[in-house]
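As written, the chain order gives the labels A, B, C, D and E, with residue 1 at the start of each chain.
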Amino acid sequence: MHRFANPARFMRLSAAIMPWCAALAAVLLGLGLYLALFVAPPDYQQGEDVRIMFIHVPAAWMASFVYALMALASAVAIIWRHPLADIAAQSAAPLGAGFTLLCLVTGSLWGERMWGTWWVWDARLTSVLVLFFLYLGYIALVNAFDEPGRGARAGAILALVGVVNLPIIKFSVDWWNTLHQPASVFRLGGPTIAPSMLWPLLVMALGFMLFFAALLMVRMRTALIAAKVRALRLAEVERHAAAVLTPRQAALP
Amino acid sequence: MPAPSPSAVSAPGFAGHALACRRGERLVFAGLDFAVPPGGALVLTGPNGSGKSSLLRLMAGLTRPEAGMLAWNGAPIGDDPAAHRARLHFIGHQDAVKPVLTVAETLGFWAGMRGGTEVRAGLERFRLAALADWPCRLLSAGQRRRLALARLVASPAPLWLLDEPANGLDAEALADLLAAIAAQRAAGGAVVLSTHTALPIEGARELSLTAFGRRAA
Amino acid sequence: MPAPSPSAVSAPGFAGHALACRRGERLVFAGLDFAVPPGGALVLTGPNGSGKSSLLRLMAGLTRPEAGMLAWNGAPIGDDPAAHRARLHFIGHQDAVKPVLTVAETLGFWAGMRGGTEVRAGLERFRLAALADWPCRLLSAGQRRRLALARLVASPAPLWLLDEPANGLDAEALADLLAAIAAQRAAGGAVVLSTHTALPIEGARELSLTAFGRRAA
Amino acid sequence: MTAFRRLILRDLRLAFRQGGDAAMVVGFFVLTVILFPFGVGPEPELLARIAAGIVWVTALLAALLSLERLFQADWEDGSLEALALMPLPLEAQVLAKCLAHWLVTGLPLSLVAPLLALLLHLEPAGYPVLVLSLLLGTPSLSLIGAVGAALSLGARRGGVLLSLLVLPLYIPVLIFGVAAIEARIGGFAARPHLLLLGALLAGALPLAPLAAAAALRQALD
Amino acid sequence: MTAFRRLILRDLRLAFRQGGDAAMVVGFFVLTVILFPFGVGPEPELLARIAAGIVWVTALLAALLSLERLFQADWEDGSLEALALMPLPLEAQVLAKCLAHWLVTGLPLSLVAPLLALLLHLEPAGYPVLVLSLLLGTPSLSLIGAVGAALSLGARRGGVLLSLLVLPLYIPVLIFGVAAIEARIGGFAARPHLLLLGALLAGALPLAPLAAAAALRQALD
């Protein structure tokens, strides 16, 4: 039963934190959207189109961040076999895929306005697409086995292998000359973006992060409860089967 | 079977204590003890699906026990998996024979991977010498099985784990197998095997698994 | 075994006369006769590689005899291969079981291909009903073998050709198999099977192959 | 349910459960088409020029890839032996297997092709012909491939043989398929090319199962 | 003979005797490259433009194609179980198998590439870099692919999964490989790209066997 000791603690903690997290996320996202849509000035080059940035950039950051988190959880799962780590990684994956898709879609929309095309095969865009495929591959792999344990372990290995893509995403704009904007917030020498745009962006980013945290907790709680239900049902079946079969077994010569 | 006391785990030979095995989400058996002294033999019996193959794979270290421990001469095998691998032979339900390699190449490969050099002796022990240059594609079912068993002789190892080794063997080959087992035991080796037919193995202990993992009395 | 006279070929039941079988460049056996009347059973024995499987495949029409002829109720089977296929069951060394299909799906498919509908009965005969919804990947070796044998019951056919059907079966499943064979014979069906262990099949003829194709006296 | 439909259903089930050999094809197809822009560079006009060719060559490779194991798995686990002894003639079984193969490869591939053509900036005029040519051509790929797969069964160098046997036979399908699309884009009639594709299919439909069944029988001998 | 060399030798033997999965690759490679002119039309300038890309994409597909069965056959016939119980660590065994795989796919493919480049009218300046980039890149393909093959072993949709897992990881290799050739043809230095290819290989060489061995162990569990 030691396996359930930690999950039990997690269930208690998350029950307490989750509502606050969700509420704060809602407030920040609301505030961020208000700042982004009504307070931030239109760009002198891009006009109103620039407002896509307040969704696009946080989504892009989250896409990488969630993957890094997933890889970390996978490492913990492999090294310490911590039961929560697998569940965390698996619960995070679809969320990460969602952020990545959001980044791709908003980027695409933006690209249509700015570059006149929905899609170019440029290193930044491509490496994000690869990230999306990695998420999909992870999800497919985890669900490709009938025994949940096997899928989890295979997925953990894949998540670690895929980490190599993260630096490629980050530095693709520096290594290849691309259409895409180079880093303007997280860069050596400080942000090059106007504060009037920076603040709404940071509020949105924090909102995204809390939103993710709340959803992650919900998904992990669901997964834990489902595992417990499965274990109980299986024990029930086995007890039943044993009761039915034992007399016949005993009658064997 | 006389259930070994927990102290058997620290005795010389191969032993397991309080073993449990889970396949997928099913507990196949639990609370299982066994001990095979040097020169001893353990015969696993039980109905189809009772967990004989699962137990053998667990003994080989291919799967990890859900609970309990396995020990060789008192040392847990988990402490040094490489040493455990080096000292055992595992022959499963499948023969690990490639259709395109010849009989001699197949045995040479498997023996060579363990540093064994007794290929000739292995072929002769199981009467395969005449077939040495045949591609395995041509072998009959029993001939393939004999080729798998020849690995036992071609590279000696102190622990043999055999999953229904007698399946498909003719009377002569069965006698060869029994002779090989006797020789192994005489040399101080331990043998664990599963079977559905009674095999005349002298002084063997029997471990009988039941469909839901309780040892029969 | 009393060698059937050439006239046995024209008797009711399944018979072969002066059969020869070549595998690759080797003549496995030659001049072989046999006859199985309706309700009869023929047990093939002989050392590994003596040609039991080759003979069964030949009987099934999978390979053509190098010489000699096979007849059903006096009519050469080569005259109407489709009719021969429709009346026989062949269970070879391999189980023809797909890991990803469930037990019920597997049996349903094989039975359905022959228009058989007794899937339930097949599962119950070989005690697989409880496993009906398991993917076959999870089956133990003996459970897979039982699933292959369940085809016999799920779609009845007058001629059974079984290659070492008892391999890997536990005592209960062996009793199930023997009961199925007895029922088949009682219904007037013919059974040919190969084995290395003595099976208690009443009134069965034995055809003993030797390593070089001469029938033992 | 007839034995014919039962066999199709079983092959579809196998494809969907293990995917492996057949259903992977669409994923492979999509990914391959995505790879090309990396290989040849992202300029839209260049991609548009070679779009039809890329889609068709990839379709061909995807079919080839999945065909290698059309009979292999059944052969290895004894199913082919059992199938050969079923009342349904082996020729009909080959046809059923080809149909199942096409349903999980050719059909989805034809349907997903416009999306990939979009990624490759194919001229809009070419879309309907692209789909049509694939719908007409891919069944021939399955049928011709089945002959190769059956022939190479049990041969010592199955794979090489398969591609050597099959690819040359695929070339006419490829040529007419691409020609139809290019004709339409160039403002000519695609119909003659499509008719030729249809003729190839009409020829393969009866001949391929015959040849494949004969090859299977002798592989079992 | 050490166990490591013995394993390589056995895999080479298997490849040469049954050909099937690995040796077919060169045939596949050649035929595919031959197919392209049919697909995109025979104009020399156009072909020259896309030659490097085609050769590299095909090399990639060929590797993928042959990798699916890298561990599959051993897994199905019980050999993998036996191998996992050999004294030689599984990591070393994976390395040996990758090496054998490269020797029958990547190496011949690199050597035959100039011939195909000739058929596709590649600029003569590109030849040495083509070969060099393939020699540096294809081992990475084998290594990365081994991880995918091990991960998808026994999975419900092995094939789709493998391409889904592996192709994205192949993209960097493809990019640098093509970039090296194009750089040389365009008059720039190919060296930085080749160095990056080397770096990828240096990374994959220790990491891929580790990951693949871990995946194999859990597949046997």
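Definition applied: a contact is a pair of C-beta atoms (placed from the backbone, for glycine too) under 8 Å apart; a residue touches a chain by one contact, two chains touch by 3 or more.
All values derive from a computational prediction rather than experimental measurement.
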{"item": "Shortest walk length in steps over touching chains, chain B through to chain D", "value": "2"}
{"item": "Dominant interface by contact count, named by its two chains", "value": "D-E"}
{"item": "Inter-centroid spacing, chain D versus chain A (mean Cα positions, whole Å)", "value": "37"}
{"item": "Chain centre separation (chain A, chain B; CA means) in Å", "value": "46"}
{"item": "Geometric centre distance via CA averages, chain E-chain A, whole Å", "value": "31"}
{"item": "Numbers and ranges of chain A residues touching at least 2 other chains", "value": "126, 133, 146, 241"}
{"item": "Multi-chain contact sites of chain D, meaning residues that touch two or more partners", "value": "17-18, 31, 34, 38, 41, 156"}
{"item": "Per-residue overlap in chain C, given as positions that touch at least 2 other chains", "value": "93, 100, 138, 171-172"}
{"item": "Interfacial residue positions of chain D with respect to chain E in the complex", "value": "17-24, 26-28, 31-32, 34-36, 38-41, 46, 49-50, 52-54, 56-57, 60-61, 64-66, 76, 156-164, 167, 170-171, 174-175, 178, 182"}
{"item": "Chain E residues within the chain A interface of the complex", "value": "147, 151-152, 154-157, 160-161, 164-165, 167-169, 171-172, 175, 203, 207, 211, 214-215, 218-219, 221"}
{"item": "Of all residues in chain B, those that touch chain C in their complex", "value": "23-24, 46-49, 53, 93, 138-143, 145-146, 163-164, 167-174, 196-197"}
{"item": "Chain B-touching residues of chain E, taken from the complex the two chains share", "value": "1, 3, 6-7, 10, 13-14, 17-18, 77-79, 81-89, 220-221"}
{"item": "In the complex, chain C residues that touch chain D", "value": "60-64, 82, 85-86, 88, 90, 92-101, 105, 109-110, 112-115"}
